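Have a look at this one before I ask anything.
Per-chain numbering from 1; labels A, B and C assigned in written order.
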Amino acid sequence: MRVVFKTSYDSDIDLHEHGADRLRTALLLGLMAILPFLVGDYYLAEATNTLIWALAGMGLMIAVGHTGQVSLGHAAFLAIGAYTDAALMNAGLPFYLALPAAGLAAGLFGALIAIPAVRMSGIYLAIATLAVFVIVEELVIMLEPITGGVGGIMAPSITLFGVSFDRYAALTNFYWLVLGIVALVTWGYANLMRSPTGRSFLAVRDSEVSARALGINVTRTRALAFGLSSGVTGLAGALMGHFIGFFNYELFSVIISINLLLVVTIGGLGSIQGAFLGAILITGMPQLIAILRDGVNANFGIDLGGIPGLDTMVFSMILIGFIIFEPAGLYGRWRKIRVWLETFPLARRDMFRRHKTYLKTERMK
Amino acid sequence: MTELLQLVIGGLANGCIYGLVALGFVLIYKASEGVNFAQGDMMMLGAFIALGLGNSEQLGMPFAIAVPLAVVIMFGVGWGVERVIVRQLFGQPQFALVILTIALGFVFRFVAGSIWGYTPLVLETPFAGMNMRAGGIVISVADLIAIGVTLVLTVALWAFFAFTRIGLAAQAASQNQMAAYIVGVPVMRVNSLIWGLSGAVATVGGVLYATRGAIDPNIGLLGIKAFAAAVIGGLGSLPGALLGGLIIGIIEPVAGRYAPGEFAKMSPYIIMLLVLVTRPGGLFSQIQMKKV
Amino acid sequence: MSLLEVNDLAVHFGGVKAVDGVSFSVESGEVFAIIGPNGAGKSTIFNLISRIYEPTRGSIRFDGRDITGLKAHDIAKLGIARTFQNIELFDHSTVLDNLLMGRHTHRSTSFVEDILFLPKVRREERDHRRHVEEVIEFLELEAYRNKMIAGLPYGVRKVVEIGRALSIGPKLILLDEPASGLSVEETREVAFWIEDMRRDMGLTVLMVEHDMSLVNQVSDRVLAVANGRPLALGSPADVQAHPDVKAAYLGTEAA
């Protein structure tokens, strides 16, 4: 087990605890950057998709994982981001203005909802977000001049300073663009979590009453967290729009909201890494299922392709399995494995035993 | 005026079904302060089981046997879900249950889809197509039965919680599991029972729904609307759930008649948001505050 | 002028008069204890001072300023810190982070600056760390610095909560039953800390406590309450000798 001797407060404040950690991050980022030279277009597109999902997952993670606000309607913010970006670009605005505007629009909308919603706790907020999602969906259909209504809208191709970042014509560039945005957001997110703002999110999540006693304005903190959450999700929505190219309201169904929840839960609540792991799983899973399905078809002659909803079914089972057996998600499992390796052969099974407690009620006793 | 009255009566019957599904939400919320997002899908599954047992080209049992049997089966399903899956979540935060039940809903939908397919089916009932006339208004027998059954069931459930031993035990468990456990309430068994009950209630709702139109595996999405109903009434209140259901049931067709289509779809949720903003605990809320 | 002046304070929940006409004042540098049987309204008085409950009547003045109209989150900024009867820590954070959360009122950076982690943020972080380390040293929490709250023993959590309150850098600290659930040794430590808080940190302490040995040892004055009404106010010995107080504790009719 590595023991880090800390000689200054800075070693706690820094993003990385020690040099090897820093090196690992640099290597990972380097590998991601040269990915276009290592894999073909198909997998590069998949990687781009995964990055976009990770971005959206990070957005939801701020709310669900770090502030304890469950949202069942985050697809609404994806939609707001995508439509704002596409509409502004169609109106002639360049991408570098349209994208931040999309994030801002989604963020402001999210914060706006959060202000009345913060009076609600837990389950009620989840429901309110679901309602907001339905309303946004209908609004998208109603605002046909901007959104293209049922017919849909085209996300124009991106050109920055004369260089094309078109999703099809210049996929490598588009990939780098997405990677850059994701890296930037990740850095900001990590900064947030080591600063007073991030701590106030955690405080509000774990004990509202003592957060208040420490001088944290719970309403404002919740609204800020939800705003940031929906803002980041909005950015992801804008990129998703460009990635898909042509889309209508059906792209942002309630299933997407639930898949996003899957990303953060399976990935591991309360960790940035979890958003990435979850995104890898959710974007990789359909491929895996398709491969397995072909295998079953070829070897046993059973055509599973004829069964509709099998993908969702498999997702659901995985989700149930995770919630029951590993609520800490993939990242939590990874940490346990790491500790097991680091302390080998001294690890004991009870090291990570969960404390089971009786229901902590929020009601008046 | 007749037109409005006609809309209101149809809406009442609809609202009763929302109310029944909402009752299922409230039951589980009362018992474990969790929300079962698969409630709508349990309703769907219940309706399909009744259909599978009763329809002539399926098992062909008489309606009067098929429906109670379906209710019993779904009681078992609810009970089993609690016993096998939900119980494992003991000690995890509320929202684990939310996600778990959403996933369960997908599983139910898949099961129903695999067995009965995705094309809408009609439940055969003895009173299909029967109507009554009063003044200029046509009332279908199915509507009347839906309203009647819902009222009876709500009163029965209320009496169950207010007067029976096990009902009181469930109330106690919902307020403080630990304390209830210490004074000898079999918290776990009560929870299983409540899940069973909500499965049974969902089935009644599903059958009533099926008497009024065709069903397919996606009718479970109605659960979201029923959920809005439960929230409008206040998640902890049985009469509140029914009232919420009725409000939504009536608003929907009326809004559909006098406002653009999208507004009708949005109306339940707009009302719900309004209620949440003005009375965060719902219309029938008890004051909620954590003691420190 | 007293540091804290509570005047004719009352709160009614429905028909229940949880607190009814309580007045007292706490002088700067004093250790003031509120005692009373269970359900007497002691914690309610705390919740009124920290603005969790809205008083039905009466006023609370701190440092010469009326705080009755303030919000719960404005109280810490004035220099009032508190602990809770049933520990309310942030369970999924480390001891260090819990204490750092106590520094919230001293932050001056906006969330945008935080996201960019400007040098200013780092400077402030170092500053927070310095203050928190002082608290850690004072309460001897070094061994637990990077431990999650969820796995800590009760006694330690109790101390961490005091530490979090101290991290605010308050003038007045409200301790809600600091000794409940603690062993005799741990209670003795709490007594030393309370004395040190007063002597070394110049703090004023207002506490609710059942443990009479602790009350006798550290408090200058005691207020006894029962059924939401004040019974007696004075030195610990005087209050405990008061016939009404005896009656309230023993449950007999006032002699």
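Note that a contact is a pair of C-beta atoms (placed from the backbone, for glycine too) under 8 Å apart; a residue touches a chain by one contact, two chains touch by 3 or more.
Owing to the predicted nature of the structure, the values given are computational and were not obtained by experimental measurement.
Seen from the C-alpha centroid of subunit B, the farthest chain centroid is that of C. Central chain (C-alpha centroid nearest the global protein C-alpha centroid): A.
Our note on geometry: subunit A versus subunit C, Cα centroid distance of 40 Å, whole angstroms.
Subunit C has its Cα centroid 47 Å from the Cα centroid of subunit B. Note: centroid distance subunit A to subunit B, computed from Cα atoms, is 32 Å. Multi-chain contact residues of subunit A (touching two or more other chains): 209, 355. Listed for subunit C are residues 52, 84, 88, each touching two or more other chains.
Residue positions of subunit B with contacts to 2 or more other chains are 292. By the touch criterion given at the top, residues 64, 68, 70, 72, 116-117, 119-124, 126-128, 130-132, 134-135, 138-139, 141-142, 208-209, 258, 261-262, 265, 307-310, 312-313, 315-317, 319-320, 323-324, 327, 354-359, 361-365 of subunit A touch subunit B in their complex.
Chain contact summary for the complex, subunit A toward subunit C: residues 9-10, 12-13, 188-189, 191-192, 194-200, 202-203, 205-207, 209-218, 224, 228, 270, 355. Interface residues of subunit C facing subunit A in the complex, by the touch rule stated above, are 50, 52, 71-77, 81-82, 84, 88-93, 96-97, 100-105, 107, 109, 111, 114-117, 121-122, 124-126, 128-130, 150-151, 164, 168. Within the complex formed with subunit A, the subunit B residues making contact are 29, 32-35, 85, 88-96, 98-100, 102-104, 106-107, 109-110, 113-114, 118, 175-178, 181, 224, 227-228, 231, 235, 260, 262-263, 265-266, 269-270, 272-273, 276-277, 280, 286-292.
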